[in-house]
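Quick one: structure below, then a few questions.
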Amino acid sequence: MSVSSRSASVVKRSIAFRYGAIALVLAIVATFSVRAALAAQNVNLLETGSSLLYPLFNLWVPVYTKANPSVRITTQSTGSGTGMSQAIEGIAQIGASDAFLSPAMMRIHPDMLNIPLAISMQMVNYNLPGLNNRHIKLSGPVLAGIYDGSIRMWNDKAIAAMNPGVNLPDHAIIPIHRTDGSGDTFIFTQYLSFSTPSWANQYSFGTTISWAPVPGELGAEGNPGMVTALQDNEYGIAYIGTSYQQAIQQHGLGIAMLKNRNGDYVLPSAMTAKAAAAQMVSKTPADERISLIFAPGPQSYPIINYEYALVKQRQPSAATAAALRNLFTWAISPNGGNAPHFMEQVHFVPLPSSVAKLSAAQIAKIQ
Amino acid sequence: MDVMAVDVRAAIVNPTLGRSLRRRIFNGLGWMLSALTFLLLGAAMLSILILVFVRGAHALNLKVFTHITEGTSGGLLNAIEGTLIISLGGILLAIPPGLAAGIYLAEFNDGFLAPVLRFLSDVLVGVPSIVIGYFVYVTLVVDLGWQFSVAAASIALAIMSLPYICRTSEVALRQVPITLREAGHALGVTTGTVTMRICLPMALPGILTGVLLALSIAVGETAPLIYTAGWSSYLWTGHLTHEPVGYLTYVIWAFITEPFEGAHALAYAAAFLVTFFVLLIGVAARMVLYRNAGAQRHS
Amino acid sequence: MGFRRLIAPLASIVGLSLIVIVVFLGIYAWPAVKFNGWHFLIRNNWNLGNLYGNPIMRHGQQVMPGAAYGILFLIVGTLLSTLIAVLIAVPFGVGAAMFLAEGIPPVLRPWLSFFVELLAAIPSVVFGLWGYVLLIPFLSHHVFPFMAKRFGFIPFFKGSTGSGYGLLTCGLVLSLMIVPLIAATVRDALVSRPIGQREAALALGATRFETLWAVELPGVRRVIIASTILATGRALGETMAVLMVSGNALNYLPNNIYTPISTMASFIVSQLDSALEDPTGMAVRSLAEVALVLCAISIVVNGIARLLLYFSGQERMEAGAWM
């Protein structure tokens, strides 16, 4: 008896449940179709990759989408490696990268364009209590020694020799490197490779390299992760993109002077970056895949690079292609994305006009 | 165990001063240690909840619920929507096969399929969620060209949820008295009708508990979504494939390492929402279970 | 019979999805298995090679120059962090279960047990957030230096305490994630023990704690072992929390308990995109091999636990906190 009354109530409840479920499905279908109708005229662009370019894209997107409301751009800070692979796979429409695609990749995917959008530089930062505002001097070979484990202490004589009068601590160095595939790793290891033959032989350069096992070293994800890791770790050293200079200064971390090809020690600044760029711009080929690292000249900062957008030439739809062309054309224009107020906020340098012309020619190929 | 019981008796029958002291110390120390373990566990857990709810509450404001994410600032509307869509999508996909497997295990335990299915389902629980994410990424996202999408993410979550729904519905169905089935069969009703019309409604609360548990796991997942859902700072426009979708756990993971206060605030807000959802679902699931247990007692 | 045939295919999806995943991983990873051989498991060398060089042929496979894949450091990192987690979690889980079952006033029991069960549902990424924001600064500034100084005589406690990211931190966060699971399961088993033995022991004059310790606990031994193994499985596959607190070490083994590590699951998340940069595809396939190894370990661990559970007849564990 009790069972039957219970099952009766269960049946009643299950009927209510069934109507509820039908209503839910209908509601979902309704929102679905409204959304789909709304979506028809929009173009969705996914930008993913370089965490160095990410702050700039975040400045660009609100301004650009306000003027072009039919384009929806999602930005993601995932590392240049992700930018490369997802642009190639066609998962992201724009792969942001501090590094150009490798020759082997280009042979397999000749359809890919490497379009510089701006010039960036990379800082070498450290967290030394009491010395963070001193701008200690470092060179390629010394950094190579720190990252391959042959220089373990901050007061090592190699470091002391180039920093006379600086009271370096007797403390182990914590080298911090990127764990994600990273254009910052690419340009940093290029600096090491171009300045230090032994590094070039053993580790070479790349977005992901096989780091030497140095006790105490740390891996961090993205530039933000590098900043945070450095901030949390006294006696740490890290390579960080210049778009995080504000964060570095806010947290009171040190910025090193780096030894350039000429043998001079220079700080990263718009002036030293432009000096280095001036040496390399004329060498830029039509496909714009060139390293700007370790440029000659007394004022040249040694680690500067083009910030690339990696894009497929052939797009699935004419609308997407047009949206991409418009966005990039705006981005490299001195009145648009390359305007000083954007560049200064992230400490980038605008593209020189000759390079902007090469980029424009590549942008025109997106169909 | 027997030896221990004898020891205990020996201790009681021949009490000596040293032994009783030892017993008292043993007892006191034992309770103290077990209380200590519980208190330490509780303290650590409270620390987590306080971190999430206090910092999260500070970060919550109306904008979080009404605005979409812009870079690392703005609101979380897109992520809240995305989390709901992909978790509900995953659960809806998982219910038919999960429930079918639960029914099969409960009602047809005689053949060779049932034990195999039960073992596979139990092993599937142990497969790390990132392995499932990797699988979906390579097959659906890349090879089939679905790209980051609601469909890929929902399928990844559905695979994860299958064993939970399967095994909880099996247990719930088993608790339906066999006499009910026999009564149904005696009336000449087929097995299918007995299962669908009698057993399933009776077992509904138990099944619902399992579904809610699976939902809470889906809401809290991150690893299998990174390479299937991607991330989007816009609201979903209704495309099942070719459109990435935002979700809350991504915000926690990705924004907490950004060196900006605004990004941290969003990460805490997201952590608040995810934890709140998950605990709420947990409470709801238990309430369904307890209410049902109560109902059964009273009837 | 018709109904049975109707639902059998639908039901099989549950089992098939596992089989498909494992078979897919096996096939996908096969070129890597052939290329890497046994070195994969015994070398510390995860190296995509020179990505900006030209692909070369080695062992009949096309790879980048200098490419080699050895994941010993991942296996060691995974196993050690899990071991530490389990070593901490078992006494804490069992102790808390005893306290929950007998130590607190009966009025509070359901509420606190409920609390512990809910904790089991807190998402991994939230544990990671807590570890990252609170635990790591606390450990690296206060606890680790103290431990290294005072307990330096214990092997692997001495030496540089590093940054707070690393093996012990991972172990602690993981243990916190699995303690609620062990505690809830063992408590349930304790509560559902037949009352006869307990009354017998009490009648003999044993105190409540002695009864719990000498009579009840041995009775649920199998449940403790099985829940420990299942917790081990959970810890082995844990991804997000580990990713956020492990320090993501590459290519070296820990030399003390403070050293950064990586685990297989977190490595897949952090390296999948880098691996996709390899134009020869060998890196992605080697990563699939990592997933395959992880999957195999998890399946073995879970299989053992489930078999134990079937023999001990614990229905509750099959449906409750574990699911």
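Details
Note that the chains are named A, B and C in the order they appear, and that numbering of residues resets to 1 at the start of each chain.
Everything below uses one rule, namely that a residue touches a chain if its C-beta (ideal position, glycine included) is under 8 Å from a C-beta of that chain, and two chains touch if they have at least 3 such contacts.
These figures come from a predicted structure and were not determined experimentally.
Highest inter-chain contact count (C-beta pairs) belongs to B-C. Comparing the centres of all chains, each the average of its CA atoms, the largest separation from chain A belongs to B.
One finds 17 Å separating the Cα centroids of chain B and chain C. Put simply, the C-alpha centre of chain A and that of chain B have 36 angstrom between them.
Averaged C-alpha coordinates put the centre of chain A at 33 Å from the centre of chain C. Contacts with at least two other chains are made by residues 89, 220-221 of chain A. Multi-chain contact residues of chain B, defined as those touching 2 or more other chains: 257.
Chain C has no residue in contact with two or more other chains. Residues of chain C that touch chain B in their complex: 1-4, 6-8, 10-15, 17-19, 21, 24-25, 28, 91-92, 94-96, 98-100, 103, 114-119, 121-130, 132-134, 176, 179-180, 183, 200-201, 204-207, 209-210, 213-215, 218-219, 230, 233-234, 236-240, 243-244, 265, 268-269, 272, 284, 287-288, 291, 294-295, 298-299, 301-303, 306, 315, 318-319, 322-323. For chain A in complex with chain C, the touching residues are 78-79, 81-82, 84-86, 88-89, 102-105, 107-108, 172, 174, 179-181, 204-221, 229, 232-233, 236.
By the touch rule above, chain B contacts chain C in their complex via residues 1, 4-5, 7-9, 12, 23, 26-27, 30-31, 33-38, 40-42, 44-45, 47-48, 51-52, 96-98, 100-101, 103-105, 107-108, 113, 116-117, 119-132, 134-135, 137-139, 159, 162-164, 166-168, 171, 190-192, 195, 210, 213, 216-217, 219-223, 226-227, 249, 252-253, 256-257, 267, 271, 274-275, 278-279, 281-283, 286.
Against chain A, in their complex, chain B makes its touches with residues 70-72, 141-142, 145, 147-148, 177, 180, 198, 201-202, 204, 230-239, 243-244, 254, 257-260, 295-296, 299.
Across the interface of their complex, chain B is touched by residues 2-3, 5-7, 10-11, 13-14, 17, 31-36, 38-39, 42, 44, 46, 48, 54-55, 57-58, 61-62, 72, 74-77, 89-91, 220-222, 224-225, 227-228, 231, 244, 247, 250-251 of chain A.
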